[in-house]
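The structure's right below; bear with me while I get my questions together.
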Amino acid sequence: MNPVNYLYLAALLFTIGATGVLLRRNAIVVFMCIELMLNACNLAFVTFSRMHGNLDGQIMAFFTMVVAAAEVVIGLAIIVSIFRSRHSASVDDASLMKL
Amino acid sequence: MSFPLLTAMAVVPAVGALVTAAIPAAQRTTAKWVALLFSLVTLVLAAVTLVRFDPDSEDAYQLTESHAWIADFGVRYELGVDGIAVVLVALTALLIPFVILAGWNDADPPASSVHDKHDKHVKHEAADEVVTQGRWRPTQGFFALILMVEAMVILSFEATDVFLFYVFFEAMLIPMYFLIGGFGDRAGQLSEEETATQRSYAAVKFLLYNLAGGLIMLAAVVGLYAVTADDLGTGTFSLQQIAEARASGQLDISTNTERLLFLGFFFAFAVKAPLWPLHTWLPNAMGESTTPVAVLITAVVDKVGTFAMLRFCLQLFPEASKWATPVILVLAVISIIYGALLAVGQRDIKRLVAYASISHFGFIILGIFAMTSQGQNGATLYMVNHGISTAALMLVAGFLISRRGSRLIADYGGVQKVAPVLAGTFLIGGLATLSLPGLAPFISEFLVLVGTFSRYPAIGIIATVGIVLAALYVLVLYQRTMTGPVKAGIEGMPDLKARELTVVVPLIALLVFLGVYPKPVTDMIDPAVGRTLSVVDKQDPKPDVPAQDVEAAK
Amino acid sequence: MENLIGWLVAAPLLGAAVLLCGGKRLDRLGHWLGTLLAAASFVIGAVLFLDMLGEDEHHRAMHQHLFSWIPVGGFQADVAFQLDQLSMTFVLLITGVGTLIHIYSIGYMEHDERRRRFFGYLNLFLAAMLLLVIADNYLLLYVGWEGVGLASYLLIGFWQHKPSAATAAKKAFLVNRVGDVGLSIAIMLMFTTFGTFTFGPVLEATGETSEGKLTAIGLMLLLAACGKSAQVPLQSWLGDAMEGPTPVSALIHAATMVTAGVYLITRSGAIFNAAPDAQTAVVTVGAVTLIFGAIIGCAKDDIKKALAGSTMSQIGYMILAAGLGPIGYVFAIMHLVTHGFFKAGLFLGAGSVMHGMNDEVDMRKYGGLRKYMPITFITFGLGYLAIIGFPGLSGFFSKDKIIEAAFAKGGTEGWILGLTTLLGAAITAYYMTRVMLLTFFGEERWRNAATRSPNAPSAEPAAETRGEHAEPHPHESPKSMTIPMIVLAFGSVFAGGLFSVGDRFVHWLEPVTGHDHGDSPLSATTVTLSTVAVLIVGVSLAWAQYGRKPVPVVAPRGSLLTRAARRDLLQDDFNHVVLVRGGEHLTRSLVYVDHKLVDGVVNGTAASVGGLSGRLRRLQNGYARSYAVSMFGGTAVLIAATLLMRAV
Amino acid sequence: MSAVADPVTVHSLWTMAAESPDKFKAPDIEYGQLSPTLIVLGAAIIGVLIEALLPRKARYGAQLFTSVIGVAAAFAAVIGLAVGDYGTSKARVAAEGAIAVDGPALFLQGTILLVSLVAVFTFAERRLDPVAHGNHVDSFAAQAAAVPGGEGEKEAIKAGFTTTEVFPLLLFAVGGMLVFTSANDLLTLFIALEVFSLPLYVLCALARRQRLMSQEAAVKYFLLGAFSSAFLLFGIALLYGYAGSVTYGRIADVVDGEVAEITPALAQTMGNDALLLIGGAMVLMGLLFKVGAVPFHMWTPDVYQGAPTPVTGFMAAATKVAAFGALLRLLYVVLPGLRWDWRPVMYGVAIVTMLGGAIVAVTQTDVKRLLAYSSIAHGGFILAGVIATNKQGVSAVLFYLGAYSFVTLGAFSVVTLVRDAGGEATHLSKWAGLGRRSPLVGAVFAIFLLAFAGIPLTSGFAGKFAVFKAAAEGGAGALVVVGVVSSAVAAFFYIRVIVLMFFSEPRADGPTVAVPSILTSSAIAIGVAVTLVLGIAPQYFLELAGDAGVFVR
């Protein structure tokens, strides 16, 4: 089956993720959407890797996962701490600084 | 390589500024004397320069110095003076001591102590050095700033490298800014902080106006670099190199580029000069600042603008200058009439003088762009004379204001009864301002008018009307303040003191001398002007019936 | 000998410098010093005069070149003097009358604590005036021209504490400035036309250039002359100038400065001869002014203002004569000289009267003074006879010649001018007789007029020093004042005859101004007879009006013309409404414009940037998601743009 | 085709592992040339160990020591490399093509390291905050995990806890930046980005005062940062898809169509420019986000304001340097072939960035936000230099970055000094009359402001001139004009602050100026010194930047 379809899927996933970031209030969900975007990238990488028949893409994918994991650590830490002080995980509540 | 006279002339006041600023708070008087001393040394150096300068020499710039500075920008530290520059440098060096003397007590506390750190900054001293001298030293700061301005002005007169000129042309704004914003004549009609607001408004206006002008010029400077870099391989800012390159046809700037660059430069100078309609910063600045500072602005700093038109606009962009001449002449004439009319309408003595200056700058610019030897000689002479006469008028006005504590003309009347000498000197200053024959400004003004008339009769005639208006605002001012019955608050006003006389008398003497025997100055200027005209290649229009020929015929 | 010329100016200039800078120390003998230097310069003048008489008449002009003044490219102005017969005439008149008036002032200003300064100013005036007449080029003349303006400014406003005086001084200077514009433009024109403005070359070259240019120059010169010589339309300052001390009025505003215009025109004769239109303008101005002034003279009750009006009118005669060209120049100057004598005499007389009358100036409060101040009466009387042109006295000769010349102009123009001058003569006779009668004859109206009438101009401060406002005790003035009057009286009587017998004056000036007789439609005798006739008419009219019936102390409302004339024929109203008011409006609106418009634009830009900034920063609403939106949108745009770039 | 690709196409460090063991070839790593990075990261790890092993009291000293030594050593290494001509003649691609060691890399690494050194000083400052329970405290939270204002925090403060972890975090960030500027393939770029971003996210959350704002800043920075890096990553994916490789050189070749042999797959993807353009745009976006260019700038003010001021200073200075480094490399090495596509776009970005930053700054009322916007505007100026697309452009940008970073760092250090009861008094109204009350601080801050405004004789002017000059030579005259205009606008608000400090009356309840220890003082002094030296005698550094103007490929 034509690998290009995977690309479409990746693009779709990426867009969904982005939309989620724009629409959802809950920090955790937003964060998950970002993860989704990353994974969309992974899919794209793997697909291209397959198309070009070299492994760079796959390697990229692994690294992306690692990075994603690291981001989770940091992200959750920050989100949790802000949740503890505000008792809310809504990104919109965190808007002390504006203008 | 001979003694770097030109550098020395700038270094002395700069050092003076540092020294003055470093004097501890307690010895205020010492600071004053030190400042005066340094300014006098500068004056001596200027005198030496005048002597060393040879008006008849062939080369365009004399006493030149040239050192590498920022090779990557094609910038060299190049100094040199022609007849015009040397005269203006002398004028600057001459006026500063009087300014300092006149401002002797103006900056004594209580006054805002801005400058303290300020000249710190101007002096570019390492910050930690400041720690050693914590306390306010307004007086020290005031005089340090004045000297700093002197140094920068002198350098910008001497610079023959466009970039070098630009650097000081801009940097000069900072000390000026703090002089205007930091010290007021406590003669405001408003409450303390209302005046403070007024002052800082004036200071900010001054700075932003000039900064905007400067930045636009910066664009042009960059453009100039790009152009030279294109044609010459390496960009350069050296006036002479560029002039030679143009002469040899090696560098040719497309008409449009030249015009754009010209406009960029001219805008900055027109703001500085100031030319209508870019003048509105001047009345605020002169009105709010102390009189010595006001004199500094109009008599010294603004001259850089008109000088730069003569040196940079005309010499770098001759074609564009000719292209722009009609518009500029019109603006100049507007300045002349407009400034004079507004001067008539003023209620505030200092603002009146400010508008008068606007009118006079109109004459100067008119002379420069008339592109005749009379016009440009007149313009240059005008810069000198206007410097002296305004200084005289403004400083006396300052003495008057400090006595009564008011700038409003309406608060005065009948001064001549109680303080005849003050009134007399004020009148002479005024007569100089309305350019009465026998006093220096007459000559320059008449030359400008003749020069303009011989090429643009209509404009010349309109400009001539300006002399009536000048008489109007000067005499109205004199009548309202000095004559008539003695107003309340004027009785027992003391006459000029010794210090004040030492300020005024030499200036007046100079006015008379230059009015009767300007030859020494014109001899300096004439060749330089001739050179400028040859760059723009313009000849004076010939008289249609040269009387000499008629004589010969007979 | 020629090196002496400079000293003519130097002496009084020195005096001015010393007196003005000298300070209080000189108060005691300052006036003597001033007088001495004035006299010195008279002596120098006299010496040079004798020397000049020695020369043959075509080589009498002397030159002295001091130094190069403004050497700039093609523009060469020198400080150099030229003393020819014309200049010499003026030098003698100025220094002579000047010295007399210095002497007179010693007494007149006795009680003024600023007398030293007064003499300083007088010397300054002499210096400037002499410079004006001996300069050898127009630019230097211009210096003198403005110099006398300054001196007159200082002297009119000598009693600065009087607002009226200060205002009058300012007005005089400003109106003169308007004239000066004319002069400076004329000089520029000369420079652009001839490349020089030295008398010699310019006047030589007049033949070579277009009449249009010359006409322009001529008109500009005329404008200048109008300003300085108080000719219509720039005459309005002269009346107010009477605010100055009387000696000033005598010297500057009667004898010398106001005649500078005549000098200028005569000096530039060559130009005018080549520009008939300009000449027509000149004669018109002269004719109008001589009637105009005369009418004003009839209406004024202030003795000095009446005389001022007369001065205007007499100078009108001279200008008219000068406008006639070669037939008139000589007589213009001759009338100028004689007028210098008798008008100065009249003013000094007036001053003497005021001196004795607590500085009362309203003639309606005089009357019958002849027995109280006989010398004044006689000298004044002689001046009076001279000015009305009583046969045999100097005025008769000079004015008669002008009238002849006017007719000799020929054609209708000649007739018009001639009749005008005759009419002028009649009016002159009328108003001078009026002055005479009001002042020295009739009943003593000052008796019970203790308090001065409110509308009379506030008097000179010498009065306060004497400090009496009670009924005046008319008395003769001190010697220092009467002697000059007597001398001048002699001048008024004999000068005319002296000049005219054998046309001495004509021969004296001819080499400079040129002269021809023209062809008068009337014979000299007819003219003379008609002159005498109108004279009699004028006198008898005046006598009928003021000699027979008593004169009301408060002026009657008078006819429309009279009322207009009292206000300088509405000239002042015009000035006030059009110039003063209009000017105020203009400046006020300009101030507004400058603040609101020119400055407004600047502040406006600043404000609008601020507003924009305020609006833009609202985008920064603190919501992370909206930031994300902008990033997302930004990326979209970025991508779209990149693709677009490729597409196009 | 087979899953095991032929070795030709497999050449990148990362794919070595894919080889079957017998063919295993150990990658050769030029440790010498990578030493700066290695040193810094090593120091960072030591820092972590210190946190793990040393007693609380001893950590501060040890951490400070390690960081200073580490950074200094790394800087020494950079100098060493530069002296060894690795910047010029010996410039090359190291670590199997992952890292480029060339002029720009070394220059920027040097700058970053110097900045970080100064930043370490400001991090370590313990004199400004009032002594809490007998121990000096820095500007970082006693215990980040504790709820703001909660019991835990109180106890932590009483116990005198301090977050010394900031030092290793800082070092990791620095390490990441060093790699970022020299990354020579997209993967390295991405990893480096994350390596220096993640610590910064954490650092932002660690403020001792106003912790809520601090945490908010962190969360915003984190979410948006992650968001942008996702875009970056997708962009990378597309580029990879286009070129079949993530190595800069390779991609460039493909873009220029200079590849040796073209596989059918490659032929197919090469044909599809959309991949290239979109991918390029997205990668650009990721970098522009870090640069803080409009419209990707909106995180800047909030984060700058909320983060602890030393961190803000570090971010403002170092991040910008690193990000521009990467941007330059991407545009000059990977996409020069696309110049005619990205140049107009960047043109637009530069213009809106210059104007937007300057205009919005005009109405700011908080010093830190003001500086944030000013940094945006400056980003615009630097972009103008980037767009010049010539050697002068590169060196101008390098010089500008060097000059600017020290000014910024100094300015933020001054901000840390001005305090009242609530910690730093950053609201402008509180700065009224500051210059009168304490001349020195006022003077120094004025110098920095004037440098920002680009007044001659300050480094700001030299930098601005260099950039504009390059832009003009690169035929971007319009940019110069816009730049000039926006500098005029910018001047307005810098001047406003000066007026406020000097010409307005001090407020009774105005802030006090804390007397800093030698650490911050030296930071500020260095800032002033650099500002003036680069302003008055910039020639040497211009030459330096000039020599460093060439990228290896």
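Going by the order they are written in, the chains are A, B, C and D; count residues from 1 in each one.
By definition in this document, contacts are C-beta pairs under 8 Å (C-beta built on N, C-alpha and C of every residue); 3 or more make two chains touch, one makes a residue touch a chain.
Predicted, not measured: the structure shown is a model, and the values here were computed from it.
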{"item": "Chain hops separating chain D from chain A, counting only touching neighbours", "value": "1"}
{"item": "Centroid spacing, where centroids are CA-atom means, of chain B and chain D in whole angstrom", "value": "45"}
{"item": "Chain B and chain C: spacing of chain centres that average the CA atoms, whole Å", "value": "38"}
{"item": "Interchain centroid distance [CA atoms averaged], chain A/chain C, Å", "value": "97"}
{"item": "Mean-CA-position distance for chain B and chain A (Å)", "value": "65"}
{"item": "For chain A, residues contacting two or more additional chains", "value": "18, 21, 30, 91, 94-98"}
{"item": "In chain B, residues with contacts to at least two other chains", "value": "208"}
{"item": "For chain D, residues that touch 2 or more chains besides their own", "value": "219-220, 223, 227, 231, 301-302, 492"}
{"item": "Those chain pairs that satisfy the touch definition", "value": "A-C, A-D, B-C, B-D, C-D"}
{"item": "Chain C-touching residues of chain D, taken from the complex the two chains share", "value": "219-220, 223-224, 227-228, 231, 273-274, 277-278, 280-282, 284-285, 289, 295-296, 298-299, 301-302, 340-342, 344-345, 348-349, 356, 359-364, 489, 492"}
{"item": "Of chain D, residues touching chain A in the complex", "value": "1-3, 5, 9-10, 12, 14-15, 17-18, 144-145, 147-148, 150, 187, 190-191, 194, 198, 201-202, 205, 211-213, 215-220, 222-223, 226-227, 230-231, 233-234, 236-238, 240-241, 244-246, 263, 265-266, 268-269, 301-302, 305-306"}
{"item": "Chain D partner contacts - residues on chain A that touch it in the complex", "value": "7, 10, 14, 17-18, 21, 27, 30-31, 34, 37-38, 40-41, 44-45, 47-48, 51-57, 59-60, 63-64, 67, 70-71, 74-75, 77-79, 81-82, 84-86, 91, 94-98"}
{"item": "Touching residues (chain side chain A, partner chain C) in the complex", "value": "18, 21-23, 25, 30, 91-92, 94-99"}
{"item": "Parts of chain C lying in touch with chain A, wherever the complex brings them together", "value": "617-618, 620-625, 628-629, 632"}
